[in-house]
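So, here come the structures, one by one.
Two complexes, one shared chain (chain A), two partners (chain B, chain C).
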Partner chain A sequence: MTTTEAVPNVSRQIRWLDFLAAFRAWLFLGILLVTFEIWAHAEYNSTFFLNPFNVKSIAIFTVTPLLLGLGQTFVIISGGIDLSVGFTMGLSAVVTAHVFNWGTQFGSPVLSLVLAVLTGLGIAVVPGVINGMLIADLRVPPFIGTLGMYGVARGVAFLLARGTTVPVQNALIGAIGNGEIAGFPNLVLLTVAILAMMHYILSQTRYGQHIYAIGGNVNAALRAGINVRNDTVVLYILSSLTAGCAGILYTAKFSAGAAQAGEPVLLDSIAAVVIGGASLFGGSGTVIGTVIGALIIAVIQYGLVFVNVEPFWQFVAVGVVIIISVLVDQIQKQVGKDGANG
Partner chain B sequence: MGQMDSVVGSSPLLEAENLSKRFGGVHALKGVSLTLLPSEVLALAGDNGAGKSTLIKIISGVHHADGGSLRYAGKEMKFDNPHQARDCGIETIYQDLALADNLDVGANVFLGREPVRRIFGLPMVDRRLMREEAEKTLRALDIHIHRLSSPIGSLSGGQRQSVAIGRAIHWKARVLIMDEPTAALGVPEQRKVMELIANLKGSGVGIIFISHNLIDIFQVSDRIMVLRRGSKVGEVRTSETNPDEIVRLMVGG
Partner chain C sequence: MKRWISIFAALAALGLVVPSIIDVASAADKKYTVALIPGLTTDAFYITMHKGADAAAKVLGVTLVFQGAADFNPVTQVPVLNAIIGRKPDAILIAPTDKVQLVEPLKKAVDAGIPVLTVDTFIGDGHYQTGSGDADFPLSYIASDNILGGQIAARALAKAIGDKGKVYVSNVKPGISTTDQREQGFKDEMKKHPNISVLETQFNDDDANKAASQFQSVYARNPDLTGVFGANLFSAMGAANGVKQGGMNGKVKVVAFDAPTSIVGEIKSGNVDIAIAQHPAEIGYFGVVAAYAHLTGQSVPTLIGTGFTVIDKSNIDDPNVKRFIYSD
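Right after this comes the complex of A and B.
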């Protein structure tokens, strides 16, 4: 008699939690937007997200954490982590600025831009390949391997920048970095293009499917004939490449490369992935989730400034969101498991 | 014994001769031979560490034998990796099932061999095809799973086992190797899996199956091979032996 009553209760609870877990990021984002909107109206009689300027600012603000988080999403789904992306971004930003300046001597800013972008991406591949080989071939734990690369990339980036920022000497790159097409900032458009590509790779290709399998059960992946070694190396290269894109866009936005460009954003980018629904144990996560996660962080940071709250509350707010996010995940997994067994 | 009264024309699927394997100082397998016919269930019995898993891992390409030979469908074979063995039709259901809990049934059945369709020239994994094909195979084996599109981590142990076996059958396995397929299951689920194995016999698949459970062994096997400390100490037709004899062979003396 108790069991007949308990069963529908439990399954309703599971369904509710499943839903909450699946859409928690959207929910957070919605709550935040509504809160700031009400706040802005009540306190300053103005609007928050209905103001295109704010939307644009938040979108631009999201670019760096999102790009760093994109490759990170792949890595985290596979069960790894990439701590080196922040300084890979810095390295790429500095190299892009240097090569652009060096290339202008040939008289064609376009040529030097192409050279700079290719070199910026090329230099980003290096830490990716080394990370990948350390982790896939030498079995170095991802946390340790990429922490080492964090140090190496940091040092090399600062050395190449001679400890300072590297301003670019031609307006072209800055014009692109701050330009717009039909009201959409170029930076945002480029980011959306990269995003679409990464979303396609993760959600539609066999490679993407294999990343989930590796994160879910690496032995199953190996026994299914999946080339885990190569897939892992490609994973860290992708992560470095998106960081490299972030570095190039940074240089375009500020008309200067800086070694520390990505440093303050590294943890935010990991937070974006986790808030977006990825598990640090691997096996789950999506590009869309990371986009929402990055937007949540950007809205918190920008919104709190907008309503004039002391900026340090940002850290508290983002921290609370991370914790709630992970808690919902844990509770859902636990209840789900109890439900399957009982 | 087995060959003498085997049906004319059913030549052995698998003939292993004198397989041996060392792990450092451990002589895990000392010249073991094995024959498997189509539609036959061969049970491997033996105490922990007897070499059962090592033997099947050589057959399935996980380990390389230090000595001996392997003939499959009449041809000399040497598998460099499990993938090659699988491609030839030797499928293994591992103790840990080798399933990805975060993926659905279709993705698991097609793990590593996902079908791709092109949309505007872009290759995309064909999830619908995977689900439909998986469902077809499972239905043919009388396996019914309702939550086809949820991650299989949410399925019961027996259902997961069925998915693993279904995957093997889907890929036209001719030899199915199972290392303790029921070890992690509750009793009703164990029975289901045993029924499934019995069903498979009719389809011409040869099955090698490791178990500690003598009831299971006697319920579904045609032949029992007993290993002790890396050597074959007995091979008998199931109908001509009894659990006591098997236990005596397992423990020796």
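Right after this comes the complex of A and C.
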């Protein structure tokens, strides 16, 4: 944070930049929605954002990158990175599908659902624990440790799936995955619940404060008596757990588990965290920011299809948004520092 | 190549090349090793191809080696190929992951005296032993005709939607020989149906979630959409989910290319209307047979085309159709 309040004679410009930096993600989202709205009117004389079908579709589309990005937000705030989440998601999806099929022999679909969800979450904890111990105890750099786990989770997931998708032979899971309550898709409701929990942990608990402290300055955190080792292990478990949730919801949505389910989403999920305002150097970021970041990516990808732009522009657009986000952050820090010094 | 074999055989018969006499004498009980390198190992299509190859290998007494990379990418496939060349099998069956980038690496196999046949995908233009170009050296290309597959998909979809309305292709990404050809065949065939307009293709990077979202966006723009052609497994799975989520079952018809086990449930529940099954086991079987034929001095056709089966609700329980579902 800059010291705008503490220094009385800072220029207006800095205050303006502060505002821009703090709300840049919201601003982007707003600009995007307005742009697509105007575009849709100009091109097809129809609304984009006021069409509830579009809103619902974008909300559902956001679920996977958001859940992968959620745990990632915690990890990135602590100054780490978790590259294994994509395949942890796939592993969880495959295991959930298998256990669900196996559980149907007991005759109760609800029982097999409970078993499947618990096993899906349980299996997701494993890569998290190993990641955490590699990084906290053995001092392996997060990038390398989780890259190793990326490979292990990938291999195990494909082995369990025997290289193919694992269909679930039961209508219950599909009904949950594609059903709605009062017009709200179940997947979105479940994601909002997980979101609220993670937001609470990060912003309201002592543990949340510890993560910011570790990411800000790990030595200071140690001197302050924070159990950095345990907190780090818990971090990577949280990251794996949200990826596991993404995997379970994938299986529910498609009535099938696939090992490669999360692979194409990994980079989008990291982009969502960064666009949402987290710094890859640690110390800053919020859950709400990541939500906005994930929505921005989803709106771009959905909107460009809607206004019928050639598909490859999607990559360009997401790339430009990432670059601008980071630029705004850098300029704000630079100017803030100069202003405070002068 | 063939001429050399006959010259060698002639020399051997004359007793002029002593070591080869022993070779020829033991040819009947020589156990050949054939290597099968799939486009990727983690795919029901290639796993089923492996089964077909295995069946042929058992009948012919051939040892089959199955090794490949985990993703469809020349960067990971070439090292596997090199390792296989190092093992010196008697023949290589490969699904090349790039039309151009695999040409030089496969030449090394031929230089090492190992005959090459390609399955499913091809190098160059797929026309072999023509004496033109530098990629005509494989002996044979054994595959389904993917352009034809796309045409069959288009015909089936046109029929299902009463020959009118808007449709689009949900595809992986450009540059893959097989999925490009399916799209091409589909679009070519649709030109013969003037009341059907084909919208812009959507590329989903093999992400079912993205394919589902793209479907919904295209549908939101085009409420008169009547059909989608999913050019591979995840494209079709995503489009089918988009239809289901929007409650458009029956209103928008989904044609899926490929038939993994999950397709059975999708067709029965009405999420997918039609599946075009290739015959990967047939590709594997005839790949091994062609390699064996060549190794035992027979000539081999340069192109072996395998068939398709159109699966829908009406025939999915028919055992003659069911056997074309890719098993795991």
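Keep this in mind: the second predicted complex is superposed on the first by the 332 of 342 C-alpha atoms of A that agree within 3 Å, B and C clash if a C-alpha of one lies under 4 Å from a C-alpha of the other, contacts with A are read in each partner's own complex, and residues count from 1 in each chain.
The rule is simple: a contact is a pair of C-beta atoms (placed from the backbone, for glycine too) under 8 Å apart; a residue touches a chain by one contact, two chains touch by 3 or more.
As the structure is a prediction and not an experimental result, all values here were calculated from the model.
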Ask   = Which holds for A:K253: it touches chain B only (first), chain C only (second), both, or neither?
value = second
Task = Using the superposition on chain A described above, determine whether A:F306 touches chain B (first), chain C (second), both, or neither.
result = second
Task = Examine A:H98 and indicate which partner it touches, taking first as chain B and second as chain C; both and neither are also allowed.
result = neither
Message = A:R24 in the overlay: touching chain B, chain C, both, or neither? Say first, second, both or neither.
response = neither
Task = Examine A:F158 and indicate which partner it touches, taking first as chain B and second as chain C; both and neither are also allowed.
result = second
Request  = Using the superposition described at the top, determine whether chain B or chain C touches more residues of chain A.
outcome  = C
Key: Partner chain(s) touched by A:N54 [first = chain B, second = chain C, both, neither]   = second
Message = After the superposition on A, what does A:H199 contact: first (chain B), second (chain C), both or neither?
response = neither
Key: Contact residues of chain A, present in both the chain B and the chain C interface   = none
Residues of chain A defined as touching chain C within the complex = 44, 46, 51, 53-54, 57-58, 60-61, 63-64, 154-155, 158, 161-167, 169, 171, 174, 178, 185, 250, 253-256, 258-261, 264-265, 298, 301-303, 305-308, 310-312
Ask   = In their complex, what parts of chain B are in touch with chain A?
value = 81-83, 86, 92, 94, 96-103, 107-108, 111-114, 116, 122-125, 154-156
Inquiry  = Quick check on the complex: what are the chain C residues that touch chain A?
reply    = 41-44, 46-47, 70, 200-203, 205-210, 212-214, 216-221, 233-234, 237, 241, 244-246, 260-262, 264-265, 269, 326, 328
Message = Quick check on the complex: what are the chain A residues that touch chain B?
response = 200, 204-206, 208-210, 212-213, 215-217, 219-221, 223-226, 283-284, 336, 340
